[in-house]
Amino acid sequence: MADNQTDALIEAINFTQMLRASVTKVFDNLADGFQDSQGNEKALLNEFQKSLLAVNNDFNELERVGNGLYPLSVNSPNSVHLSIDPATDKTPLYSQLIQSYKWSNKAHELAGYVIGPLDQNAKLKRSMLIGSTLQAKKLRRVPPSGHAATTVYVDNIVTRLDQKMPDISMSITRPLGSSAILQVSLGKILKAVVALRGLIIEWVTVKGYQEDLYSEDGKVDLWSQSRYQVFRKVNDSATAATLHFYSPHNAELALQSFLHWFQSYKTLFSAPCSKCGKHYHQGSPPTWRDLRNTDPYHDVCKP
Amino acid sequence: MDSTGPMGQVLSSRVAPLLENFLQGSVLDTSKDVLIHRLRGLCDNAENQPEIFHDHEIVFIMQGNPNQQPMYFHVRHSLIHPESWHVRYLGVAEVGDKNKLTLIRHCVDAGASSNVVDFLNEMGFKIDYEFIAKGYFFHKGRMKVTVSKLYKILQPGSTDQVEPLSQSHLVELSVVAPRVQEQIGEDMKNFAEQLKPLVLLEKIDHKRLQQSLESR
Amino acid sequence: MGVVCVYPYPVPEEKSGQQVVDTIQKQLELLGAHKSGNFFVDCESYQSNLQTATQQRLLHLFHNSEQPATCFSVLDNGMCLVSDLLFEVLILKLAEKKSGKDSYYQQRKGFKVESKGQRYELGDFIIKVGSVIVASNFRGILIEVEYSPCVIPSECWNLMKEFIQSFMGNIAENPPAHIKSKMDTVYTPEDTIQQYLEHFNNFRKATSASVPATPNR
C-alpha cells in the first residue's frame, strides 16, 4: 500500500512537472508574440490550440493521479510529544525576569555610589586626571608612554639623576639603536648594566667592581653572570626590584626609585643585618635591601 | 748553550722562548713607504693597517768591579699605551760560522709593573743610554718584522723633544724560539730574499761594527 | 682578587703542626667549606754583591699559586716589582757566575721559605691553611683568608673579622699591620705578598734564634 502510495506520489510529481512545462510553453509563446510575415494565421492558431490542449491533457492526468492520493496522516511518531510541551503560562518566567531586573538595577546603583570614593583614590596616582570627569574618562584611555620616550629625553633624565645621586655614576651607550644601556657604578663596590626600553627597565646585570662589563669583542655584556656569589644574589634582588618599581605610566619615577634603592648597596659589605645584627651569614653579607626603607637583611632574615 | 748553573735549570724546567734569531738592515727614509707596502703584502693581516708603535727605551747597565761582567737590561715603555712596561735582557749576538744563517742571541722578555725604572735603580742599575723608537710592526707566522726610526732624546726625561738619529729606518727580522732550529734560519733567509733589493737583511757583526767605529 | 688577611696560628707545645692543621680543616669543613685544590706561596732571597753600591741589597723573589704567571720581587726597602714569571730568569742571570766572573746577586742558601697546604672555598671566601717550611723544616702555620668580591679593606673588614673569628677565635681582633695603613685603598696582590714577607721574616728570625738552642728541631 505504501509502495503504491509512493509510486502514485512520484507519478503525480511527474505530471505536475509536465503541466508546469506545458503551461510555461503557452505563456512563453504568448509573451514572445506571434510574428507572421507570410499571413499564415491559421497555422499559428493551430499551434496555439495544440499547446492549450497539451495543458489540458496534463491537467487531466494530474487530476486523475491526484484523486488516487489520500491525505497523509498527521500522526507522525514524534509529533505526539508536542502535547506534553509545557504551556508558557505555567512557567515562572515572568517572576524570574522581574527578580533579575531588580538585581541588575541594584548593582548599577551601588556601582554609582562606589565610583565616588574610588575616583578620589585614583586621583592620588594620576594627578593629571584632576579636572572634569569627562576629561578623565578620555585620559584614562591614553596608553602608557614610558617605553616610547625619546633619546634626548632619556639622556636628560639620566644626567639629572646622575647629578642627584652622588654615590652613583652613570653613563649611557646605545649599542643597538635607540634603546639605551645604562652603565651604573657604585663607588668601588659594584657595577651594573641596566637595559632600558624608553625609560622602562628591561634587564639588570650586577657585577663586582673588578669584573669587566665588556665581553671580549668589546661589546657591553648584558647576559653573563657575576663570578661572585654575593653579586649574583644582589642581581636577583635587583631583578625583583625592577618588577616592584615597574610603572609604565610614570617610568621616570620608577627609574628614580629603582636607582635610589640600588644606591643602598654602597654599604653591601659594611652594613650589618637589621634583624640579627651580624655581618656574616653562610658565606655572604646581608644581600637583600628592603624595598621601602632600604634596610639591609640576610636572605634568611627578611621580614 | 748554558747547561750548568741556575740558568740551565730554568732552560730545562720551563718552556720559555729564550733564543732570538735575527737579521738586520736599514732603508732610507725616502724608500720607507715602498717597503711598508711590500711588507703589508707579504705579511699576515694584509687587510688591516700595519700596527704602529712608539716606544721609549731605556738601557740600564750594572757594572761592578773588573771581575764582574757588565749586564744590560732594556726597559721599554710604550708611549701609546702608557700602562705597558717591559724589561728585556739581550745577550751578545753570536755571528757563528757560515752554516748559521742568522745572528743568534739570548733574549728574555718580561712584562713588569710601572715602577720598574725605580726598582732597577734600587737594585743597583744605572741608566746607560735612552732613545725613542717609532715605527711599524708586522708578523708572518712566528716571524716578526719591525721598521723603526730611532730618535735621540735632547733633554733627559722629556720624550717630546727628540731629534732623528739618521736619515734611515732600521729594519729587523726576528724569531724567538726555545732552541736552535735550522728551519727558522731557512725561513728567515727566504723571507729576506723577497725584500731584496729594497732592503738587505744581513748578519751584521756587532763586534766588528763597534771596532770600526772606535778606530774611526 | 679581593682583600686578603694573613694570620699566624699558634701551635701549642703539646701538639704537632699536622694535628693543628687537621683541627682547623675539620672546623672549616663543618662550616660548609669545600676543598678546591692546593696552594703555595714561596720566597727565595738574593743578596747583592756590589762594591760600588753604598749598601747591600736584599731581594726577595715570591711566587703565589693564586697568580701562577706572575712573580713578585720585593727589595728590603719594601719596593715591590710585579712582573711576568720570566723576570725570575733575569734575576738568575744576575746571580749567574759565568766564565770565572763574579755575579751581582747571590742566592742565600737555606733561606727558602714556603707556605703550602689546602685551599678551601666557602661562598666568596677563600681560606688557605698553610704549613710554613723554612729550609725544609716545619716552622708554624699561616692562615690566609680572602674575601674575593671586595677590593676595599675598610668596607669588608667587619665581615671578614666575623668570619675569621668563627673558626679561629680571637686571633683576628685587628687587621694585619700592613693593611691597617691602607684600609681605604684598592687592595692588590702585591699587598698579599707584603703580608707574607712580614710573616716569613718573623719565622726566619725565630729559626735563626732557635737553631742554636735546639739544633735538633
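Chains: A, B and C, in written order; residue numbering restarts at 1 for each.
FYI, a residue touches a chain if its C-beta (ideal position, glycine included) is under 8 Å from a C-beta of that chain, and two chains touch if they have at least 3 such contacts.
This structure is a prediction, so every number in the text was calculated from the model and none was measured.
Put simply, the chain closest to the centre of the protein, by Cα centroids, is C. By C-beta pair count, the most extensively touching chains are B-C.
Centre to centre, using the average C-alpha position, chain A and chain C are separated by 67 Å. For the pair chain A and chain B, the distance between mean C-alpha positions equals 73 Å.
Between the Cα centres of chain B and chain C there is a gap of 37 Å. With touch defined as above, chain C holds no residue shared between interfaces to two or more other chains.
Counting partner chains per residue, chain A shows two or more touched chains at no residue at all. Residues 2, 5-7, 10, 14, 16, 18, 62-65, 67-69, 71, 73, 87, 89, 108-113, 115-116, 118-119, 122-124 of chain B are the ones that touch chain C when the two sit in their complex.
Chain contact summary for the complex, chain C toward chain A: residues 1, 32, 122-125, 147-152, 154-156, 158-159, 162-163, 166, 186. By the touch criterion given at the top, residues 48-53, 57, 59, 73, 75, 77, 79-90, 92-98, 101-104, 107 of chain C touch chain B in their complex. Partner chain C is touched in their complex by these residues of chain A: 188-189, 208-210, 227-231, 268-270, 272, 278-280, 282-285.
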